[in-house]
Structures are given as C-alpha cells and as structure tokens.
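Same chain, two partners: chain A is paired with chain B first, then with chain C.
What follows is the complex of A and B.
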C-alpha cells in the first residue's frame, strides 16, 4: 500500500520547455497535490487534465498590492494557475490540491498562487472545477505563448486516506 | 526517507519572547510551518515577524486579507523581516489561537525564495477577525538554515503556542 503522502513524479528543467507533463498517473491515491516553483518569460500559467480543452471553470480572489478583486471564468478551455506573470526571473509558487481525482464525479481543485516581486506581484486563491467524470491520468502544465524557464521544478504528490 | 517529516517542534510550556528553529538540515525539498499562536500584546491582534538565517534585509510581501467584512490588498517592500502574519493577542476571546501555514519551496536552491502564507484569526466576536493570504519573497540565494518567530507589539508568545516545522522530500 502506498504511504499517506508520497511523491509520484518530479521534474526540474535543465532547459526551457513548453509543457511539463505528468502522465500515467496511478489511481492508487485519494487526492493529488502539485507543487510548482517556476519562472517563465511571461504569460499565464495554466494546466489541463487528460489533454482535455473543455469543461474548466474557476472562481478566484486576488490581491495585487493595492486592491482585492474577485472574478470567475466559466466553460473555459484550461485552468489558469496565476493570471499574471511578469516574466521575472524571480520564481513563483503555485500549489494545486486536486480532490478525489480518480472518482467518477466532477473534479474540484484548490489553487494557491504566490508571486511577490519586492514592489510588485500578486497573491491569489482559487477554486477550480473540471466538469468531467473521467479519472485524471495526465496533467499538462504550460505557459500561454511562452515556455517554462530552466530551473523550474514541478512535483506531483499522491495523498492516501487509507 | 519519508516524504513528509517532522523536523522540529516547539510547544511552549511557558511564555517565550521568540521561537527559533536552527540547524535545519538540507536534506529536504520544501519546508512547511504550522503555527498556532497567541501573544501577550494588550490588543486583539498581533503581527508575527519571521526572520530567516538571522538576516534583516531583502524581505517583501504582497497580502490579501479580510478583516471582518472588508477585503483589501497591500504590500511591504524591502523590509527587515517577513510580515504580516496575523495572530491572536491577549484581548482576543479567551483560548483562541490563530492558525498559520507557511510553505517554503526549494529552500536549499540557490535562488530567491518564494514563500506562501495563510492565516486565520477567528474569535467568535465582532472584533478583529482576520483571514489573510500572503505571497512573500526572501531575496537571498542562501540555503535556509534558521527560522525565527517573534511578536511585533507584544513581549512574548503565550504558553501552549505551538510551532511545527516539517520537511517535504521529493527524492
């Protein structure tokens, strides 16, 4: 039996890469947790499940250092992790908790995005939904119109309730 | 090595001016702090200052918070410690201790350190209830070996305040 909190896979980029993919994800766990420490040359970071480009929605609250705002996207082709990336070499931190990923109900996520740049940047908390009953077996991480920079690290953990 | 391991803990049996985790091993990938705290400040709230490796420069934070019914965002740049992490203080409802989680990824990697924080201060009262999310940065490429936690306004953390440091390994 798997342990309660276990690494499934990890990657640290040795060169710029358009998409980080975790594939053949085992259904042996209850929940998934993704930790992404990343730099990119600008663009919005996002993920897709099972290569699907439909059925995503989210509601978020965001602080940009001057105001707190909330918003949502519905029937979206991807799940954004962070609505802003300035192209800084300072790494951002995103964590994504994906609940009951192997079940037959729609998939809910809790996303925490942190990217402070000492005078700019933002903090965001987001709930995401993938309206699909398929078990999640693949996660693709990308940056709209850009690539992940060298040194970006992504780790996928499995959490087991029993 | 286990994936999620307790490195050290400090549950206060008496009041203490600060709490320090030192000699943090470089054998993990990420660090997680879980803190339940209350200070002796004669007010409803307290700010917790976090200092890394005993340095006093290159910290910054962008915060998103709700105090009662009002949400706001702000930032502190080029500060001498990480803040703000709100915690309960001595005028808050008895027996209430704030809950805080701080996540520090890649703490031994030679780069600036992004830090995520989340704090709740709930008192079952109409005064000074706070929920706060923070994105912080320590602009220093050194590996993190020491973490210190001190109150800004009060003198001490009160007894039964608890500080837990976990290491997460992706090896």
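What follows is the complex of A and C.
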C-alpha cells in the first residue's frame, strides 16, 4: 500500500530538454503534488495532462511588485504555470497540487508560482481546470518556444488520504 | 440555521514513517452542512486539510465555508483574505467574528463535474500558550468564471485544537465532498 506522502519520481536535467514527462502515473494516491524548480532562457512554463491539447482553463491572482491583478484563460490548449518568462539563471519555484487526479470528475489544481529577479518578478496563485474526466496518467512540462535549462528539477509526489 | 449533523468518516490508516501522516477523512453525505474532525491528537506540530468540495445547492455558484475550533462559537475569530475573480482583485479583513470564513472553496451542484479545491494549514495547533493561526488557499474554475482566494485566520484562544468543524456557506455538503486531515510532525 502506498504511504501517505511519497515521492513518485524526480528528474534533474543534465542537459537542456524541451519536455519533462512523468508517465505511467499510478492511481494509488488521492492527490498529486508537483514541485518544479526551473530555469529556461525565456518562455512561459506550462503543463499538459495525458498529452491532451484541449480543455484547460484557469483563474489567477498575480502580484508583480507594483500591482495585483486577476485574470483567466478559457478553453485553452495548455495550463500555464505563470505568465512570466522563466529566467536563464535565477530559478523559479512552482508547486502544482492536483486533486482527485484519478477520480471521475474534471481535474482541478491549485498552483503557486514564485519568481524573484532582484528588482522584478512575480508571485501568483492559480486554480486550474482540465475539463476531462479521464484519470491523469501522464504530465508533460514544457516551456513555450524554448527548453528547460540544465539543472532544472521536477519532483512528483503522491498523497494518500485515510 | 445551518444543519450541524456530522459528516461521515472513513477509517484512519496506520502511521507511516514519514513526517506527514493521514489522521482522518471527512466525507459529505448530502444531508449535513458540517464536516467535523474530532479527538484530534496533539502528537503533531501542524495540521493540514486538503479539500475537494461541492454543495448540494442547485446552482453553479461559488461557495465558501466557516471554520470553528473546539466548538467555540464566540466572537473570537478574525480573518484576512486576498482574492481574484478573473477580472479584478479584492482584499478584506474581519475582526471579532464567530468563525473564520473561507470563500471560494466549493461550488453548487449544477456545475457538473466541477469541484472546489483547497489546502488549509493550521499552525502549531497543539500549543497551549499561543493563539492559533491558519492559512489557506482555495479556488473554483468553471472555464470562463471562477475565483481564487488566499486567507489567513486567527482564533484568539490558547487551547490546543482537538476539534475542527467545517460548515458550508451553501446548503449541505454534497456526497462528492471530501476533506482529508493530515498531521505534520515537528
């Protein structure tokens, strides 16, 4: 039996890579938590579930050091982790909590993105939706128009309820 | 007045060797507005509640919930929140309340396949010398509408928390609702 909070897999890149993939994800847990510490030479970070390019939406609040804003996307082909380009040397931190990922309803997640560049940066909280009832068995992490840099680390955890 | 019949619970799991353990899970019944965690042991440093929630109300509105500790319904609570609805942000705070109100944590039953989600941390819950603070994040996205919210809450009482009640701001917790309580070791 799976333990309550368990690391499923982790990846630290030894070379630049377009997509980080967690595949064949077991349905043995209740929730998933993805932790990403990433650098890239530009581009918005995003994820997709089960290689699907349809059915994503989100609602977010974002602070950039001078103002707070709220926005959303609807019927989008991917789920963005934030709207800011990834830095080339200063890593960003993203956590994605995916609730009832193996359940029969649409899949909802809470996302926290943090990125400070000593004079600029963003902090963001987001609720994301994948309008699909399939169990999530694969997560792909990519950077729009770019690649993840060497040293980028992604870890997937499984969380089990009583 | 809200229905205060308790939700049902599944059984606990054996303690793991990790520092994050499942204590109990409360599940909505469709008959009660309250899900309660009782007899919470003081053997952890912090608590976390992870929720996926829906209300039985026959619309697709976003709902919240009221949190109380140890059955205290006195005016001993306060809260602050920051949120967004996809178009604008809001921030507010309330003092001397009879509960901690968390908004944007659930959705009405007409929102097919949509659930509200949340993560709540209760910090140093077993202390007998400090007031108790929680922080939480919750949200609902409905592909074109929805809310995201961050909240801090205060209970001005130094007693160790042994009971947590979660009361929907809608009508009743749907049977698809689950709140899972975890203990985090110090």
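Note that in this section the second predicted complex is superposed on the first by the 159 of 162 C-alpha atoms of A that agree within 3 Å, B and C clash if a C-alpha of one lies under 4 Å from a C-alpha of the other, contacts with A are read in each partner's own complex, and residues count from 1 in each chain.
Here is the rule we go by: a residue touches a chain if its C-beta (ideal position, glycine included) is under 8 Å from a C-beta of that chain, and two chains touch if they have at least 3 such contacts.
These numbers come from a predicted model, not from an experiment.
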So, after the overlay on chain A, do chain B and chain C clash or fit? They clash
**Partner chain(s) touched by A:100 [first = chain B, second = chain C, both, neither]** = second
>> Tell me the contact category for A:59 with respect to chain B and chain C: first, second, both or neither.
In response: second
(message) If we overlay the two complexes on their shared chain A, which of chain B and chain C does A:155 touch? Say first, second, both or neither.
(response) first
Query = So, does A:42 touch the first partner chain B, the second partner chain C, both, or neither?
reply = neither
Would you check which partner chain A:125 touches, where first means chain B only, second means chain C only, and both and neither mean what they say? both
Note to self: Quick check for you: in the superposed arrangement, does A:72 touch first (chain B), second (chain C), both or neither?
What the structure shows: second
(Q) Quick check for you: in the superposed arrangement, does A:31 touch first (chain B), second (chain C), both or neither? (A) second
### Query
Now for A:145: first (chain B), second (chain C), both, or neither, which partner does it touch?
neither
Overlap of the chain B and chain C interfaces on chain A comprises residues 3-6, 61, 68, 112, 125
Within the complex, chain B is touched by chain A residues 3-7, 10, 35, 37, 61-68, 90-93, 95, 112-119, 121-125, 151, 153, 155, 157
In their shared complex, chain C is touched by residues of chain A numbered 1, 3-6, 30-31, 57-61, 68-72, 74-75, 97, 99-100, 105-106, 108-110, 112, 125-129, 131, 133, 159-162
Chain A partner, complex, touching residues on chain B are 2-4, 29-30, 58, 60-66, 71-75, 77-78, 103, 105-106, 109, 111-112, 114-116, 118, 133-137, 139, 168-171
The answer for chain C against chain A in the complex is residues 10-13, 16-18, 20-25, 50, 52, 82-89, 113-119, 137-148, 150, 176, 178, 180-182
